[in-house]
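Have a look at these structures, which come just after this line.
There are two complexes below, and they share chain A, which is joined by chain B in the first and by chain C in the second.
After this line comes the complex of A and B, so read on.
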């Protein structure tokens, strides 16, 4: 059950609980960021450190084993940039086209 | 049948929790609540109560454990006093907003400082706006009865809110009173097993206590406000059923010799019974006086109070507060009673006094003085204090 976009107080679930597990995917937090992580795949060693450290679970593994941040959820905290042992991540300014 | 037994009030309250067959007790010992939780710990240790007794390092954790256990579907009981409740405060708000019907026995005690282990109502007044149903007992029997009824009220599917049962520390907790203690089976019939509405369950996961963004928070608060307002008829239903089953009737607003009274003293808790002695004494002198007890504090019994005080013989109300709202009205009960009557056309005058702070006894002469303040107010048509807002403390050494 997807909640109504803007429920009235009567429509809001009992005690504001969330009856649908994992519905935080509907809440896209990507527009919070000012800087976005960009992975240089020529330097990436596919260790997955960014994937482990990302507090938003925004990193996804692609079919070749590289990791890339999903910008719809990445808040731009820069932890991946800080932790990457291969230093293959740069933080670039988010530009809205 | 219920047996009339000489029993310490604290033990009777703990027995009420045992008879309600609670699943989880989490509490931290604090004077004057200690005997309640000691007795419950003993019952669990001896196998006389099949419950989880969660020992904790503070009241903040006690209330956290209670909220968590209740969210997992358990019937939960706790008890505290004064600083303990103040330390719980953050989680007290969560119990009501997450609609976890935790039952709390609150042995009312003054807040520091100076440190006082003795009775007044500053602890409960601090929690006035936490969204708990809040009821006052004025003797041991009422504390026992109301603890039992609290489970029925709070856990009702139409309510699902925590309930705080207030009784004066030491004055009630540590005295031995003759109390009608019910047979366990009688209570089993009155309090059926708890059926939670919304449960933490790994097979059917939900989130309890999420973030409420600005677009949701207002609606969540309105839902909570309506829940406590709509608990009013349920409270009366439970009072009614209790009276039918056991013969003792409770009302949101209680009165004593108020039917033809001109001046009434309005208060909460054990002072009411002492004030009744003063009423009898003054009645013998031909004074038309009585008492009004605000038994139900939250939800506030607006209609009942107006019915008792407005368009009746009562011309003057003296509100006795057991706590000071510093720099304010000056007592919380006074300001709420005044505010409840504000729009009424035929209403009595309301004056406030503060007394009985930090365990100070109120003598018969002092109750008489309170009625005299009411008399003077009625005669002159104005508050007899230098300034109406100034705290008028009865029993103060000037």
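After this line comes the complex of A and C, so read on.
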């Protein structure tokens, strides 16, 4: 059961329990950032360090085993840039058209 | 920003990170600050705890960021309780599960009960409930994420605030040099209850953290894990240094990683070549920038003595 965006008091579940587990994925935190990480796949060694150290869990593995940041959730903290052992991640300014 | 080179030996086991479990039971979209250390630790903890877990969460940062109505970041049963009674509620859940299993109302299988509380909810406000739970021997893992002040309400000092740190209730200035007391060692208090498992962990060492949380659930009886979590907002560190600051805290001996299993101490991350000077850790943080060399020397002596005591405890109890 998915809650409506702004439920009225009659539509709220009993005791304001949240019926859908993990529904914060609908809340996109990607617009918090000023710098975005860009992965250079020619230098990437597929170690997964960026994936395990990401506090937003934004890194996703693609079918070839590379990791890429999901900009809908990435808050731009730069931990992946600092921790990458191959130094293949650069922080670039996010430009909004 | 310049990239700091680390020695080559540090990368030898780097590919092991891919072996960590892939499921997430603490989902993304939470509202933690950029580079949040506790949120990073929670992710590793929930990877280790797995699906059959009931989480009891005391008030604190991790409760605020994960559950603004109508959203929740938890994919497991979760209950929010007040600061002081998280351990008491977990005791009740444990007793209820035992009673329902005895009556045959629910199937007899292992359910992990995990308490997550901050350092204020553990070292200050919830200490008596924690002590009661450990003394009664409930089958609960109590996890304290320690960001060394009440970060949720705006950096007020708690009793887990380290010596010399400037917070809004222990401000540094002409009269005071910050917190005038030493950090309360809650892991030692928990170990004094003679419980099966006590450990300290840090999200900068994720595989070590995952192994410790799993071990705490394997053993029958109460367990206590003290998680050192870097808070960039409250400590005044750049968000990209979160993992690096945690690593520095371990390498300088400010927060040694050890476990106590049935009274036997063991340092899980040890540095036979010696510890780094504490200044490496202190100089990067806004809350320590007022410290004079004399106070840093005082901190260094205390840290060295505590580390030596820990090494001695390991040597004595391993025989």
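Here are a few things to note about the model shown:
The rule is simple: the second predicted complex is superposed on the first by the 87 of 97 C-alpha atoms of A that agree within 3 Å, B and C clash if a C-alpha of one lies under 4 Å from a C-alpha of the other, contacts with A are read in each partner's own complex, and residues count from 1 in each chain.
Going forward, a contact is a pair of C-beta atoms (placed from the backbone, for glycine too) under 8 Å apart; a residue touches a chain by one contact, two chains touch by 3 or more.
Note that the coordinates shown come from a computational prediction; the quantities given were computed from them, not determined experimentally.
Applying the stated contact rule after C-alpha superposition, one finds that A:7 touches each of chain B and chain C. Taking chain A as the reference chain, the count of touched residues is higher for C when chain B and chain C are set side by side. By the touch criterion defined above, A:18 lies against chain B and chain C together after alignment on the C-alpha atoms of chain A.
Within the superposed three-chain model, A:51 lies in touch with chain C and out of touch with chain B [touch as defined at top]. Common to the chain B-facing and chain C-facing surfaces of chain A are residues 7, 16, 18, 21. Residues 97-99, 160, 197-198, 205-210, 212, 215-216, 218-220, 222-223, 226 of chain B are the ones touching chain A in the complex. For chain A in complex with chain B, the touching residues are 6-10, 12, 14-19, 21.
Of all residues in chain C, those touching chain A in their complex are 1, 3, 6, 11, 14-15, 17-18, 20, 24-25, 27-32, 34-37, 39-40, 43-44, 66-67, 69-76, 206, 232, 238-244. Of all the residues in chain A, the ones that touch chain C in their complex are 3, 7, 16, 18, 20-29, 32-33, 46-49, 51-58, 73, 75-79, 81-83, 85, 87, 91.
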